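Down below is the structure, laid out as structure tokens.
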Amino acid sequence: MDIATLIGIIGGLGLILASMASGGSLASFFNVPGLMIVVGGTCAAVLINESLQQVLGALKVGMQAFLVRRMSGEETIQKVLELAGKARKEGLVSLENEKIDDACLAHGVQLGVDGLSPDTIEAILRAELSALKQRHQRGQTIFRFMGSTAPAMGMVGTLVGLVQMLKELDDPSAIGPAMAIALLTTLYGAVIAFVICNPIASKLEHRTAEEVAQKQLAIVGVESILKGENSMVIQSKLEAFLAPKAKKGRDGSDQ
Amino acid sequence: MDIATLIGIIGGLGLILASMASGGSLASFFNVPGLMIVVGGTCAAVLINESLQQVLGALKVGMQAFLVRRMSGEETIQKVLELAGKARKEGLVSLENEKIDDACLAHGVQLGVDGLSPDTIEAILRAELSALKQRHQRGQTIFRFMGSTAPAMGMVGTLVGLVQMLKELDDPSAIGPAMAIALLTTLYGAVIAFVICNPIASKLEHRTAEEVAQKQLAIVGVESILKGENSMVIQSKLEAFLAPKAKKGRDGSDQ
Amino acid sequence: MDIATLIGIIGGLGLILASMASGGSLASFFNVPGLMIVVGGTCAAVLINESLQQVLGALKVGMQAFLVRRMSGEETIQKVLELAGKARKEGLVSLENEKIDDACLAHGVQLGVDGLSPDTIEAILRAELSALKQRHQRGQTIFRFMGSTAPAMGMVGTLVGLVQMLKELDDPSAIGPAMAIALLTTLYGAVIAFVICNPIASKLEHRTAEEVAQKQLAIVGVESILKGENSMVIQSKLEAFLAPKAKKGRDGSDQ
Amino acid sequence: MDIATLIGIIGGLGLILASMASGGSLASFFNVPGLMIVVGGTCAAVLINESLQQVLGALKVGMQAFLVRRMSGEETIQKVLELAGKARKEGLVSLENEKIDDACLAHGVQLGVDGLSPDTIEAILRAELSALKQRHQRGQTIFRFMGSTAPAMGMVGTLVGLVQMLKELDDPSAIGPAMAIALLTTLYGAVIAFVICNPIASKLEHRTAEEVAQKQLAIVGVESILKGENSMVIQSKLEAFLAPKAKKGRDGSDQ
Amino acid sequence: MDIATLIGIIGGLGLILASMASGGSLASFFNVPGLMIVVGGTCAAVLINESLQQVLGALKVGMQAFLVRRMSGEETIQKVLELAGKARKEGLVSLENEKIDDACLAHGVQLGVDGLSPDTIEAILRAELSALKQRHQRGQTIFRFMGSTAPAMGMVGTLVGLVQMLKELDDPSAIGPAMAIALLTTLYGAVIAFVICNPIASKLEHRTAEEVAQKQLAIVGVESILKGENSMVIQSKLEAFLAPKAKKGRDGSDQ
């Protein structure tokens, strides 16, 4: 997992726990029925709209997105240039036994070696890209859904607590602690949503965007290899996808 | 119905009921006029924008989506390969009496046997797919609308209760219970929306996405059969729609 | 007007009035200045962004959408098949004096009889459809705007009431009733928005969707007539727009 | 300015002022620091994301949109038919000295007289239309931004007031008036947003839509003139953009 | 940095600080644990979904967008006309050593001198434009995310404070100050979001829109140079992107 993500989650929770502890004991912020209603209720709501298998699958895809190292854009461009040069000299079939790390690039080259037409290959790679986007969005959707359900469950818990408190308003000294406990579920819901679920959903979204950009680069590279374009054209085409700093500063401004 | 959905609804409601019971009797959370205003008001609002017939139709479509078993993507690919092989050997007409489970695939093959041009067939199947999407969205819309109306009705009920309570502020000991009852409608609205309606709407959305993906696979399959493509091309094209794990792990990374 | 809409509005308001009456007299929920600020303020806000003429025009379009009976999809298909058959036998000009109920179908056939090219006719019908969509959205927009403005006006009224109450906090016995009156405007705003305006806006949206689907069917039908396609192709094309139950159950599953 | 807009703003503010005055003196609703924090804070936030020049430019465009009279759709159609007739009889160059009120139509005809190709002219007019849409949206964006910032500034002011009040809770008789003043900023924010900014933003949006529709009519008209189409085709094409009532009631239903 | 932005931020914060000071000492609005939970918690949430490197990169891109001076639209048009004239007279290669300030224009001309086909050049420039949009949106996304997370963190802090206060309700005189401190985090969250983050995100959005418009002008200019169009056509094409006031008032109305 990304080290920044870990620091973020630990730091965020740590700050909140520290501020809780500053006013007395942490124990007064711990309430089992409240946790059950918020965490349990959120999980139940997720189960309603996702089968267990899908939740696990989406989490696995998400985890892989965190862990698997990708080639950088520059590495992909170098590899494409190398493959295109070899294909122009020795023919497309000579790429058969090339070792290619990027899965999308490897698949495209393999299909080319298999003799499929460039149009069919592009259609296949774009269909794979679109299927990948849909799978990744599934994972984001689960975290977004949890991020919107947890505060609602917190509100339900607080309402249950308030009704219980208001029914027995005889003892004024009990009002404060009872209301404190009622508010705890709202607090749990807010922490789960805003410190954990929403930022993770955003991270998955960014990762998907990066992976899609990387695969689009690979698809354009495969097209160029199949068309046998010369290396200057390929380099110009592919560098357009990179940020300016990666382009050796040909032009100074931010473009 | 999906077993996970059932577990989710029962588990979610169970947790909330347990937390209610923990503070005394469940009876104090039961209030007939409150239930009437929230459930009745939500149903009335649905009736305003949907005829009864449409509500029932949409629910039936929704239920069918839960119950009908679909072919998996792999099964569809196998069937397409088999049909394509037969069509190449014995001609398209030989598919006339094939038994095909997938309705979209069956319809496309039937239209091909009837002699329509591939372009017309694709247009027809895509029009059916788009009409199906619209029908399914209707069902989601009803649940989403209930999910946004129920909390509003809960707020209306709470406001009515608060006004009634505030009018007669003579007896301080009556304030607590009266306010508890006023808050109950907000609680009902939140539970109906966040534990029942919203998750079901999300589930219908996921089901529609799965069914659309399945039908897109079938449409591409029908095209391939009509064009008489060879089996390697068909397999490459169709497998692009599946998750990598279903592709025999040709490439190890998550793509 | 749709009977379901009427039942919904009366039922919804009835339930709320009944719950108001259950706590004493209805009169305590009636407050003229409060009604003026919410209803009057909402109308004023609508006047700011729409001229009176546009409001009346949009309401008329909306009312027509409720009242005018449309041909069902099956009727349109039957009519298209009949016209196409006649056009193939006796030429397009023979359709000149045909009586056609569907306005879009009639206009398309008339333009064909007038000798315009199929491409021009399709462009004209699509431009009409797009203009119709924009006119109908105008009506929805007005109700949506009222649905979001009414609660805001209710909040303004409640704030005015609260400030007035808080300025004179001398007599504790007056706090309750004064606050009750302040809350009434919030209640008015919520009822106007959630029981009346939002459901009507949703209904107009559904009606527009139905009318657009109907006109798309007619446009495809006109194209088929002009191209002189045979009846089996026309039927296959047009039935793709209908729900499966209207297709004589050729395939059993929900598609 | 539109008379309805003026009536709406005066009527809306009048109703609110009347309801304020009904409970005593208007003076108790006037609070200079509160007004400063809401109005000043909103202006400051606008300055952060717009240069002064852009704010003034956008307001000028907005004002022009209110004041400049436009040709009606029917007038534009008449003018196009007249120009097309003259161009067919005397050649395109004869339009050189025609006086044309609609700026878009005039520009298109001028470019035609200058000898540019129809494709280039259409591209130029569409680019102008798209640039116009972006300029107008800028004005709407400013009012929408103010409409969302004003309530937030009102909340900030109320929070400041509440904190000040709560710090000095010694004198119970001072709580009411202090809280009343704290609530005033929320009231100011709501009135500025919901009675002034949001409706004006909506009005600008409607005006832009009308102007865009008008210009699209003119662009199609210019195309027809350049292609030398006959008047029946032009009339059919252009009338498709108008509401049915403007089409001499050829078909009775709402289409 | 834009002077208006600076004035806006200082003015907005100044107004709020002045209103705070008006009720006593500013010190009572300063609370270290509260600031830590809001500022720290927001930063932690940002770290979860963005690596530190990305945050810094996005901020640098954002800062550059504020600081780098761009050519105005009129300057770009003049330069394009000049380059096109030279290219028509002396050939495209004569542009090799031209000094061109606009990076996009310079890159397009360079690629043309290098001998790439116009279609490839347009594809490359559009890919660069689309990559630029994505990089800039990243910066906006970070500020938008902070603008939605800060109020949530403020709410978490207030809930923590309320629970601590309610647990120890023995001393009524301590309630006010404790609640004042609890409310401070909500205040911090609102100020950070509505006075700082949201307006800056909006400003970045406007800047991106301006830069994209500028680059689209340059891309159309490069196309025109490569096609060797004459200067009247180029001027007509490019001026379509400018506001009417920059077009020498050829037509008086707002278009």
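To keep things simple, chains are lettered A, B, C, D and E as they appear, and every chain counts its residues starting from 1.
Here is the rule we go by: a contact is a pair of C-beta atoms (placed from the backbone, for glycine too) under 8 Å apart; a residue touches a chain by one contact, two chains touch by 3 or more.
All values derive from a computational prediction rather than experimental measurement.
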Using direct touches as single steps, what is the fewest number of steps from chain B over to chain E? 2
Between 0 and 180 degrees, and as a multiple of 5, what angle does the rotation take that fits chain A onto chain D by Cα atoms? 145
Homomeric contact chain A-chain E: same or different residue positions, threshold half: different
Can you give the whole-Å distance between the Cα centres of chain B and chain D? 39
When centres are defined as mean Cα positions, the distance from chain C to chain D in whole Å is 24
Going by residue number, chain A touches two or more other chains at none
Looking only at which chains touch which, which shape fits best: line, ring, star, complete or other? ring
Under the touch definition given earlier, write down the residues of chain C that touch chain B in their complex. 2, 4-5, 7-9, 11-12, 15-16, 18-20, 22-24, 28-29, 173, 175-177, 179-180, 183-184, 186-187, 190-191, 193-195, 198-200, 202-203, 205-206, 209, 213, 232-233, 236-237, 240-243, 250-255
Name, in rising order, each residue of chain A that touches chain B in their complex. 33, 36-37, 40-41, 43-52, 54, 57, 61, 64-65, 68, 103-104, 106-107, 111, 114, 116, 120, 123-125, 127-128, 131-132, 134-135, 138, 141, 145, 149, 152-153, 155-157, 159-169, 215
